[in-house]
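Beneath this line is the structure, given in C-alpha cells, with notes to follow.
Letters are used for the chains, namely A, B, C and D, taken in the order the chains are written, and counting of residues starts over at 1 for each.
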Amino acid sequence: MKCKSLVILLFVCGFFALAAAEEGSGPPDSTHVDSIPPPTPVSMLTARDSENDHGHSVTLMWELSTDDGAGQNSVLSYEIFRWVPFFMDTLQSIRDSLAGAEGTIAEQLRKRRDQAIAMIPGAHKSYPEQGGWRKIGTALSGQSSYEDVGVKDRGSPDYMADHTDYYYLVDAVTADPAIRAPSEIVGPVQSFGQFFNTGRIPVFVAVLVFGLLTILFVTRARRGAELYVRPLAGIEAVDDAIGRATEMGKPILYVLGLGSAADIGTIASFTILGRVAKRVAEYQTKLIVPCYDPIVMTVAQETVKAAFLDAGRPDDYYEDIVYFVTQSQFAYVAAVNGTMLRELPATNMYMGVFFAESLILAETGALAGSIQIAGTDQVAQLPFFIVACDYTLIGEELYAASAYLGREPILLGSLKAQDYAKAAVIILAALGLLAASLNWTAFINLFSVTS
Amino acid sequence: MRRQIPLALVFIFGVFMIFQYFVPHESSEWIYEFLLDWIYIIGIFALALGIWSLIRVSVAKIKTRKSGWGYPVITMAGLFLMILFGFTGYRDGSWGFHFMTAEGLSNPMFRNFFDYIMIPIQSTMFALLAFFIASAAYRAFRARNVLASLLLVAALVVMLRFNPYLGPFGTIIADTASWLLNVPNLAAKRAIIIGIGLGMVGTALKIILGIERGYMGKG
Amino acid sequence: MRRTTIIAMAVVLGLFILSWILRSASYVTVQEHYLIGGLKVTFSAFLTLAILSFLYKDNPFYKFAEHLFVGVSAAFWMSMGFWTTIVGNLVPRISQSLSEFFQVPYQPGSYNFVYFIPVILGIMLLMRLSRNRGWLARWPLAFIVGTTAGLNFVRYLRSDFMEQVSATFVPLFVDWKGVGYFISHFSLSASGQFVAIVANWVIFLGVICGIIYFFFSKEHKGVFGAASRVGIWVLMITFGASFGYTVMGRISLLVGRITFLFRDWLGWIS
Amino acid sequence: MLDVTFGIPLVVLSDVGQAISLLLIGGGLLWIFIRSLKAKEVDRRVVFLFIFFAVAAPILFPITFQEKATPIVKKLFDKVESLPAGSKVLIAFDFDPAMAPEVQPMANAFTRHCLVKGYKVIFMSLWATGQALLTQTLERVVKGEFPEKQEGVDYINLGYKAGNEGVLNVIVTNFRMMFPTDVNGVPLDSTAVFDGIKSCGDLDLIISVGGGKPGIKEWVLFVGDRVNVPMGAGVAAVVAPQLYPYYPKQLLGLLGGVKGAAEYESELVKHYSRFEHTDTPGLRMMGPQTLAHVVIMAFIVIGNISYFIGRRRERRR
C-alpha cells in the first residue's frame, strides 16, 4: 500500500517538477540593465530555530547591505527565499482536492495527506535536487532579521514541518525588482518546539515567590495569629445598608456585573454576595439578583442557596431570587434600570466587572433614592462609580472585601501576603529607579519578560 | 465526595493552566486550545439554563395577572419570534428549517429585528450616558471636602478644553489638561492596576488552593 | 395615564406622516418599497424615543421597549451561540451524520472524542434543574473556575504586576548633564528637561503613594498615613480628569442618535 | 463692555433658528443661575432637557463656534500661510475609511489652504485604503472648488505605493526611483510640479495626515529627521498624545482629532472669505460638543453656588 502511494507521489512530483521548471523558479537574475547599479548583498546570514516557541518557525538574521541607508542607498527591501522541494506541490494538490472532497474519498485523501506530511523531512534531504527557491517573505530596508513562521495546522498550505532541513537565502532588492543581489545560502536548519519558555523565567520566579508567601501567611493565620485590618468605609456600609432595607421594608438589589464566572472580579463578587445573602436571610429582607451571564446565574443561585442554609432559613430560599435577564449589555441595563424604578430598592450593590453601563446604573439608582455601594476592578469605570455612588471599593478593595466581611483568619492571612507583596513592589520600584538613573540595565533586564 | 471532587478538579486544572503558560511546546498548546473550546461549549448549555430562567420568571408574572402582566408577554413574544427567525429561513427556493451560512443567518426577519429593534435601542441606551454624565456632574461635583474638590477641579480643567473663549488662558488650560491626563493619571492607574493585579493573583491562588470557595455555594 | 399615552402615540404618528411627506421623494432611490422602509425607520425612531422617555420617568413606552429588547436579545445570543459554537465548533467534530444534517464540513480527527467531555459537562450543568442530582452541576463549574483561575493567575501576574512594576523603572533625572546644563537649558515647554523630570517624579511618587493607600494590614498613621492621603488625592485627581475627558465621547453618542432622528427619520437635515 | 471673547466673535450666526436656540439655552441657564442664588436645587430633568437642546440645536441649525487656535495648530497654520507662492508642499493621506471622519477634514483643510496660496501640491498615500479617500478629496476639493488648477502644473497625485516606510526610505533621496510616474502614468519629468524636485529635501513642507502605522512617526523618523524639511501633521485624537514629544522640534505643529481640525478650519475661514460657505465638518462636529461642555460646566458652577449658599444659610440658623 505504502509502495503504491509512493509511486503515485513520484509521478505527480515529476509532473510538478516539469511545470515548475517551465515557470522558472529561483531568484531572477539581474540581467536587466537600468540606471540603478546592483546593490551589495547582505552578509553574515544566519538561520536558527526560533526560541521559546512551539516549533514550526525559523529565525534569519543578517547584516544589512552596505547600500541600505548608506552607500548608494538603493536597497528598498529584502526578499527571503526558502528552498522548497517539488514534492510540496504534490502535497498541496492533495490538500486542494481534499478541500472539495466528501465522504470516503475525503477520508482516503486525508490519509494520503498525512502520509505525504510524514515524507516532508525526507523530501528536503534531496537538496539541491528536485526543488527550487521560493519567495516566502519580505523585510523592509533597515531590518536585519526575519522570522519564517509556519503554521502547525496540517491542512494549511503554510504548514511548516518540524525536524526538517531547511535552506534559505536573502536577496537585497532595489526599486527595480530585476536589480537585486542574492546572499550566500544558509542551511540546513531545523525547527522544533521547546519545553520551557526561558523568556518567562521572571514570571515563573514571581509565581513561586507569591505562592510561597500566600501559603506561609495562610498557615500562620490558621495557627491563630492576630491580624489587624484597617477599616473600609464601603464594607462597613454593607451592614448598615441591610439594616436600613429591613427597617424600610424594601429590597436589596445586588448586581454582579457583566463579567463571566471566569473573571476573578466576579468570583470575588460571589463571595460578597454570599455574605450579603446570609445577613439578608437573617433579617428576612428581600434580595434581587438579576444576572447577565447564565453561568454566573448558576453559581449565584448556589451561593445564595448555601447562604440561606447557613443562616438557618432554607425555607425562605426560592430559585427566582437570582434570575437571568439576557446576555446583551444594554438590554440587561434596560431591565435592571426598570427594576430599580419599579421595586425602589433601599440599597443597590454593584460588585464585579462593569463597563460603560456603570454610570447608567448608578445614576438611575440615585434617581430611585437608593443607597449605593459599588466595587469594581475595571479602572476605566471607577471614576463613574466614585462620582455617582455613596461608597466605592476601588480595585483591590473589591478582592479584600470578601476577607473583611467573613473575618475568617485564613482569608485575612492572604491579605497580609498581598501587603508584603506591595511592600516588595515599593522596594523594587525604588531599586529600579536607582537602576534606571545609574543605567544598571542588568537589574532592569531581570524583570523583562521577553515572550 | 460532592465537594471534594469539584475542589480537586479546580486544583488540577488550575495548576495545569499555570504550567502550560511556561511550556511553549505544541502538546501543551494543544491541550490549552481544547480546554478553551470546552468552556465555550459548556457556556451554550448554561445559556439554555438562562433562557429557562427567563421563561419561568416571565410566565410566573403572567400567571399572577398582577398589574403590568402584559409586559412579560412582550418579552416572550420577542423571544419566541426571534428564536423562530433564528432557526428557520429561506434557502434554495423554499422556506423551512434553516442553517447558518458563512454570510450569516439567511432569514431576513432575523436581520430586520437586529437592525430595527436591537440596534436602535442599544445605541439609545448607550446615548443615555450623555444625559447621565451631565446629571452626575451636577449632583456630585460639589466642593464638600478636599477629595470632592480635587475631583471637581480636575474634571473642570479637563472639560474647559472645550471652551473656545478663554483666549490666552486656553493654552494653559489645554496644557494642564493634557498633563493631568498623561502624568498623574498614569501614576494613579498604575497604582490601582498593581493593586488589582495582586488582588487577582491572590484570589486566583486562593481559588486553586481551595481556600476561597464562595463560588461553590459555601459562603 | 391612558390619555397621555394616546397623545404621545398621536405625536409619533404625526411626525411619521410629516417625515413621510418630506422624504417621499428621497425613497425613490431605495430599492425597498418606500412605505415598508419608512415604517421600519419609524419603528426604530419610536423605540429610540421610548428609551429617551425614560429620562422623564418610567412609562409604558419604556417598559414596552425594555421588555421587547430583553426577549429579542436573549434569543439573538442563543441563536448565534447555537450556530457558531454548537454547529460551528462541536458538531463537525463529534458526528458525521449531524454534520451532514447541518450542512457543515465534517472534521474527523483521532482526538475528537475529547469533545464529548464538554457535552457531558454541559449536561451535568443542566442537572441543576433536577432536585437530587443538582450537585453534579458543580463539576463543570469547578472545571471552568479552575481553568480560568490558573489562566488568570499567570496572565495578571505578568501584565498587571510585573510589567507595571518594571514600567515604573524610570530615571528621576532625565538626560542629566549637570546642574549648570539644567539651569542654562531651563524651560517650561512640554518637551523640556524640567517638565520631563517633574513628570517622572510625579509618576514615581504617585505610584508609591497610591500603593500605600491600598495597604490593608497597617494603620494609616504618621508618615504612612500622610503618604496614603497623598495617594488618595492622586486617585481623586485622576478620577476627575478621566470623568471630564469621557464627556466628549458620550456627547458623540448622543449626536449619533439625534442625527438618526433628524436625518434618517424626519429628513430635516441632509 | 469687557472683551471676554478676546477679539473673536462669540459665535457665527446665520439664521434665526440658531439665534433662538442659543437664546433659549443662554436664557434658561441664566434663569437657573438666579434661582440657584436662593439655594434651590435643579430637577435632573431640567439638566437632561438642557443637554438635549445643547446637542440637538447645533445639529439642526449648524452652529459653529469660532475656535481659537492653540499654538500647536496656529504654528502650522502660520507656516503654511507664510511660504512664498510656488512653494512645494507634500500632503500624505495615510489613513483608512475608519479614521476618515476624524482626519479627512484636516486633509481637506490643508489642501484648500495650499491651493488658495498658490503652492504646488504633491499628494500621495502609504495606505492602500488611503488612495480612494485621496481621490475623493481630489474630486470634491481640488476639482470641485479650484477648477482653475491644472493637474501636473499646480498639483500632482502620486497615488499609493506599497512598501510602508521603505517608500520613505527611497523618496528621501530620490522620488523618481519610487515613483517614475504619477498615478495616471505621466512621467514625473514631464510635469511642472516636479521641476526641480529630486528628493524630499527639495520640498518646502511635508504634511502627513493619519493615525496609524505607517504614519506621522515614520515620516518624522525616516524623512523629517534625515533631511531638513519642516513637517506638520494631522492625527486622530487617540494617537495625538504619543506625538506631542515631537513638537516643536521635529513637528512644526500638530492637529489632534476633531478639535484640531476645527481650529484649523476656523483659522482658514477667518483668513479667507472665500471659504465662508464651504463645509467645515470639524467645526460642525464641534458645535454640539462645545455647547454640551459649556452647559455641563455651567451646571457644575450652579450646583456649587446653591450648595454654598444653602450651607451658609443653614449655619446662620
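As a working rule, a residue touches a chain if its C-beta (ideal position, glycine included) is under 8 Å from a C-beta of that chain, and two chains touch if they have at least 3 such contacts.
A quick note: this is a predicted structure, and the numbers were derived from the prediction, not measured.
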Report the pair of chains linked by the most C-beta pairs in contact. B-C
Per CA centroids, the chain at the heart of the structure shown is C
Calculate how many whole Å lie between the centre of chain B and the centre of chain C, each centre taken as the average of the chain's C-alpha atoms. 6
Chain centre separation in whole Å, for chain D relative to chain B (CA means): 35
Whole-Å gap separating chain A and chain C, where each centre is the average of the chain's CA atoms: 18
Any chance you could list the residues of chain B touching two or more other chains? 18, 21, 39, 42-43, 46-51, 54, 118, 121-122, 125-126, 128-131, 133, 135, 137, 139, 141, 151-152, 155-156, 159, 162, 181-182, 189, 192-196, 198, 200-201, 204-205, 207, 215-217
Would you give the residues of chain D that are in contact with at least 2 other chains, written as numbers and ranges? 44, 48, 51-52, 55, 244, 289, 292-293, 296
By the touch definition above, chain C meets two or more other chains at residues 51, 54-55, 63, 65-66, 69-74, 76-77, 125, 128, 138, 141, 144-145, 147-149, 151-154, 156-157, 161, 165, 168, 190, 204, 207-208, 211, 214, 235-236, 238-240, 242-243, 246-248, 251, 254
Contact set on chain C toward chain B in their complex: 40-41, 43-45, 47-48, 51-52, 54-55, 63-90, 102-104, 111, 114-115, 117-119, 121-123, 125-126, 128-129, 135, 138-157, 159-161, 164-165, 167-168, 190, 198-199, 202-211, 213-214, 231-248, 250-251, 253-254, 256-257, 260
Within their complex, state which residues of chain C touch chain A. 51, 54, 57-58, 62-63, 65-66, 69-74, 76-77, 106, 108, 125, 128, 137-138, 141, 144-145, 147-149, 151-154, 156-158, 161-163, 165-166, 168-173, 176, 204, 207-208, 211-212, 214-220, 235-236, 238-240, 242-243, 246
Where on chain D is chain B touching in the complex? 4-6, 8, 10, 42, 44, 47-48, 50-52, 55, 65-68, 70-71, 241, 244, 259, 289-290, 292-297, 299-300, 302-304, 307-308
Which chain A residues qualify as touching chain B in the complex? 52-55, 152, 193-197, 200, 203-204, 207, 210-211, 214-215, 218, 260-262, 264-265, 267-268, 270-271, 273-275, 277-278, 291, 293-295, 297-299, 302-303, 305-307, 310, 319-320, 323-331, 333-334, 356, 359-360, 362-364, 366, 377, 379, 382, 384, 386-388, 394-396, 398-400, 402, 410-411, 414-415, 417-418, 421-422, 425, 451
Residues of chain A that touch chain D when the two form their complex: 36, 69, 73-74, 76-77, 140-142, 174-175, 367
